[in-house]
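One structure is given below, encoded as structure tokens.
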Amino acid sequence: MIEARNLGKYFGRFAALNNLHLTVSDGEFIALFGKNGAGKTTLLRILAGLSRPSRGELKIKPSRQAPPGAVRGHIGYLSHETSLYMDLTAVENLRFHARLTDVPSDDRALAMRMQQVGLAGRERDPVRNFSRGMQQRLAIARAFLHNPDILLLDEPFTGLDSSGCDFFKSFLAAAHADGKTCIMAIHDTRLGYEIAERLVVISRGAVALDAAKPSLDYAQFREKLEPLLA
Amino acid sequence: MHKIWAIFRKDLLIEFRTKDSLTAMLFFGIVVLVVFNFALGSLHQAVRSAVPGVLWVAFAFSGTLGLNRLFAVEKENGCLQGLLMIPADRGAVYLGKMLASCFFMLIAEAVLFIAALVLFNLTVRNEIPWLMLVFVVGTLGFTAVGTLLSAIAVNTRLREVLLPLMLFPVILPILINAVEATDIILNSADYGALKLPLTVMSAFTIIFATISYLLFERVLEE
Amino acid sequence: MSGKAQYRLDILLGILLFAGMSFALYMALIGAPTERTMGDLQRIFYFHVPAAITGLAAFATNFVSSLVFLLRKNRRWDALALASAELGILFFCMVLVTGPIWAKPVWFVWWTWSPRLTASFILCLLYVAYMLIRKSYEDPERKASVSAVFGVIAFVDAPLVWFSIRWWRDIHPSPMLETGGLDPSMRPAFYACLGAFLILFLYLLRRRFCLETMRNKVDGLLLRLDEMR
Amino acid sequence: MIEARNLGKYFGRFAALNNLHLTVSDGEFIALFGKNGAGKTTLLRILAGLSRPSRGELKIKPSRQAPPGAVRGHIGYLSHETSLYMDLTAVENLRFHARLTDVPSDDRALAMRMQQVGLAGRERDPVRNFSRGMQQRLAIARAFLHNPDILLLDEPFTGLDSSGCDFFKSFLAAAHADGKTCIMAIHDTRLGYEIAERLVVISRGAVALDAAKPSLDYAQFREKLEPLLA
Amino acid sequence: MHKIWAIFRKDLLIEFRTKDSLTAMLFFGIVVLVVFNFALGSLHQAVRSAVPGVLWVAFAFSGTLGLNRLFAVEKENGCLQGLLMIPADRGAVYLGKMLASCFFMLIAEAVLFIAALVLFNLTVRNEIPWLMLVFVVGTLGFTAVGTLLSAIAVNTRLREVLLPLMLFPVILPILINAVEATDIILNSADYGALKLPLTVMSAFTIIFATISYLLFERVLEE
């Protein structure tokens, strides 16, 4: 369960988040919408524990029982940046992350991951030579290698081609079916509506709309969304 | 424990691929040595007494460069943020990084020391184990606090300037004692006198390492 | 403390400072006997040494408040740390100015790299680095915790300044206060000056601390204003 | 007119482009599709003159008469990277680029540009503090500040929110109406089909499909595209 | 012409914001000076003759750092690629960058020179215009070829190492003559003898600048 109460994040005098409330139960799939600069990334970074809120309270309880402090191992965060070492090969990047998160790091397991994100055959290429979409694919493999309970996704479809998108959609569906919690910032309204089951719109650092999908059909949602994005 | 090891191995691997830090460290270190050699070339009797100072200046220089590099690598694609999310004490990141920088620095020191032997026409034999001891303790102290300060510096705009600006004053007690100890070994061979500088160095190293280990987490959180 | 009590305390401190300073000046420049070999030059001593001691006290204050900040996370301690670091630099600058003025006629150079002098210089540099760290972080929370970490580390170096003098031969004289070498006739003037410097330090510390907390308050208020819009 | 004949680009032994032919007349609007790593970015970089083909021939003639060597001034290239100086403010970045391309660099003209891309009011913020979408908006303003004849666009919609997308679509439509040549790499099939008038698919570094929009309806196009992206 | 100026002003503005390069340059330069001061401290008579060499080593060090910085800025977001697309001779980019690095280096040199005066207990008066002449010519030569080589280095992985590795050997003729000229000014005051080193320096500078200007375009294309 994630419970954020009264979150505020200030950069100097600029409030990127402002009195934000959000409660997420286990297994929910949330799409975060909001215009550029609304505060989505800031929120996700705080949820990931990478940034400390200037104000307010944040509680995260993973579904499985975890020793205190190991909460981090239950969170997977895919950010704007890929977190990949450019001078290591693809498989070396994965192996490193596997070691750090205590999951099998043998070649076979990693080759399977590479295969899964459609990079089979490029295992031994340094990441520096990858095209943008290939880097994003690898970043996805890395971020969720350790099978986390909570998936934080910041515009995960960036740079993916259509087969990549298809793969990733099915990946998310599987994760959701598996009872994982997903929070995903996304700009593509249609896609976000299609995938998620709860729709949250951030505007000026606060939650401006928070609705379950069944309560709104797509046309209604667009209508409500429009003024919030203008 | 194996996480510290994983971080260390990763840095080694990157270095093996790019040869970046080590070349930079050696290059600047050797420049310092050569420049001194030029400057002191004509004054033979003075050389031997200047060597310890020169040596440690070269070490400190190249060490600072190495530390900067080792954290710059983490900054490129937001890799540090990936490291911060691992399910372990963040102290492991500190220790892994410290181990790596210590390792690089010791390699650089070995090469620089040999270069100094050649350049300044010195011969050593029995002194070697003592020198190794001093180098290792000094390097541990240097990297113990250097790793923490790099982590501070890497998050600022002034990154590459701030590190030496913070590190050199902080590290001076260790550096001075290291020079003193090296001087004793090379120039007086009165190993009993080593006790004081070595004790001071070790004390500082332990204090710095403990503080840094404990405070590392504080420095990285945003 | 209420605002009024604060104000009274300030006034009291101000008066104390004025009286103390006047007395100390009188003692140092007129009251104390003239030294035999150095003559009036030696009177620099009454500024040089108290400034050094006060500076160290300021850095110690910085250390303590940094430590407490790391434990308690209260921004007031950060303000205190900032105030004391700035004052420490100020007082050490006094040492670094009066020292050379004294050194030129006595040692015939402005500066040498003797351990004591080097250590004083380095100590000053450490806190300049501290200020630089503060300048290069924008986020106030991070600024506070990172600089507190550095404040702790910096002060680990401070003992070196005091003890360096015992470990190496140094052109700089031993602290005769500890060895008891200060002529008894000079003691009253010295203690008067030391007292005056300490009061000055406390006074400035209070003012700077208040300024900083007020700044924090104003920032908070401005934020609230923005929020209400 | 752009004429690329037999282009090849090799990275070591790897062929990113391989015997690629493409002729573009003035005023055409081309959407480049292709899976991750197909070679779109490599092609655009070569067209922009930033990379030299290992093999083949490339001719670019701008529509207006231009002194030789000034061809570059007629090309605008929006790449994966933003080409923005992180430590300068938004308006300083624009002003610098305006000076270099000999267009008015007075505050009023630049403020208008900022307004156009929806960044009004953030002129004096350093780019480092911008969110991802805001950086992309500024990158767009910068890349086309000098009103080039040929627009090369590499996934230009990345990170834009829906109002940003709308703005940029109308920007492209206006450019197209104005007779400019546009070549745009894009992954969103629907969006690419909607905007462009000629559809080119790159596969393994060569043109695998090159069709005018009128000759294919969307369903047909998807059908043809599918095997090329798999 | 105004494009050169625009590039120059942009670099100045960034520097004004971050104070990055100049602080780094000054810091490393001063470290070199102080270290020498330590090493030579006890040998008073030798100091004056060593100063020109020490000074130019410090200049070269800090200049290399400055050049590295000035191109690292362009690399961050692919800014260099933006610069390469401007509708002008790419030589303008070369000249703008060269002007900027020259400017930073001259400022650093002025400060370092003053620091050297203090540290080495020197006094100068009539020598100043001559020194300025030598500094300016030497710096022009240094940056003329340095800018080209930075542009080469910035595109490689070994960036920060490659630059000094290429630059120092190439720049040696200018450096040696600059030291010579400075030595004449400071230690013999026989201004007639200045002609030879100054001529050599100017010749090299002109040759380097011409070649670099012409080759710059080739270096930047991939």
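When the chains are written out, they are named A, B, C, D and E in that same order, and each has its own residue count from 1.
Please note the rule applied: contacts are C-beta pairs under 8 Å (C-beta built on N, C-alpha and C of every residue); 3 or more make two chains touch, one makes a residue touch a chain.
Please read these numbers as outputs of a predicted model, since none were measured by experiment.
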Steps needed, at minimum, to go from chain A to chain E via contacts: 2
Shared interface partners, meaning chains that touch chain A and chain B: C
Far-end chain from chain B, centres as C-alpha averages: D
Per Cα centroids, the chain farthest from chain E: A
Higher-contact pair (C-beta pairs counted), A-C versus D-E: D-E
Euclidean distance of C-alpha centroids - chain B vs chain C, Å: 32
Averaged-CA centre spacing for the pair chain D and chain C, given as whole angstrom: 60
Chain B-chain E separation of Cα centroids, rounded to whole Å: 28
Chain B and chain D, separation of their C-alpha mean positions in angstrom: 47
Shared-contact residues (touching 2 or more other chains) in chain E: 18, 38, 157
Multi-partner residues of chain D (each touching 2 or more other chains): 80, 87
Junction residues of chain C, two or more chains touched: 139
Sites on chain B touched by chain C in the complex: 145, 148-149, 152, 155-158, 162, 165-166, 168-170, 172-173, 176, 196, 200, 204, 207-208, 211-212, 215, 218-219, 221-222
Contact set on chain B toward chain A in their complex: 2-3, 6-7, 10, 13-14, 17-18, 73, 76-79, 81-89, 221-222
Residues of chain A touching chain C in the complex: 10-13, 15, 18-19, 52, 54
Contacting residues of chain D [partner chain A, same complex]: 11, 34-37, 41, 80, 118, 129-134, 136-137, 155, 158-165, 187, 189, 225, 229-230
Chain C to chain A touching residues, read off their complex: 138-139, 141, 219, 222-223, 226-227
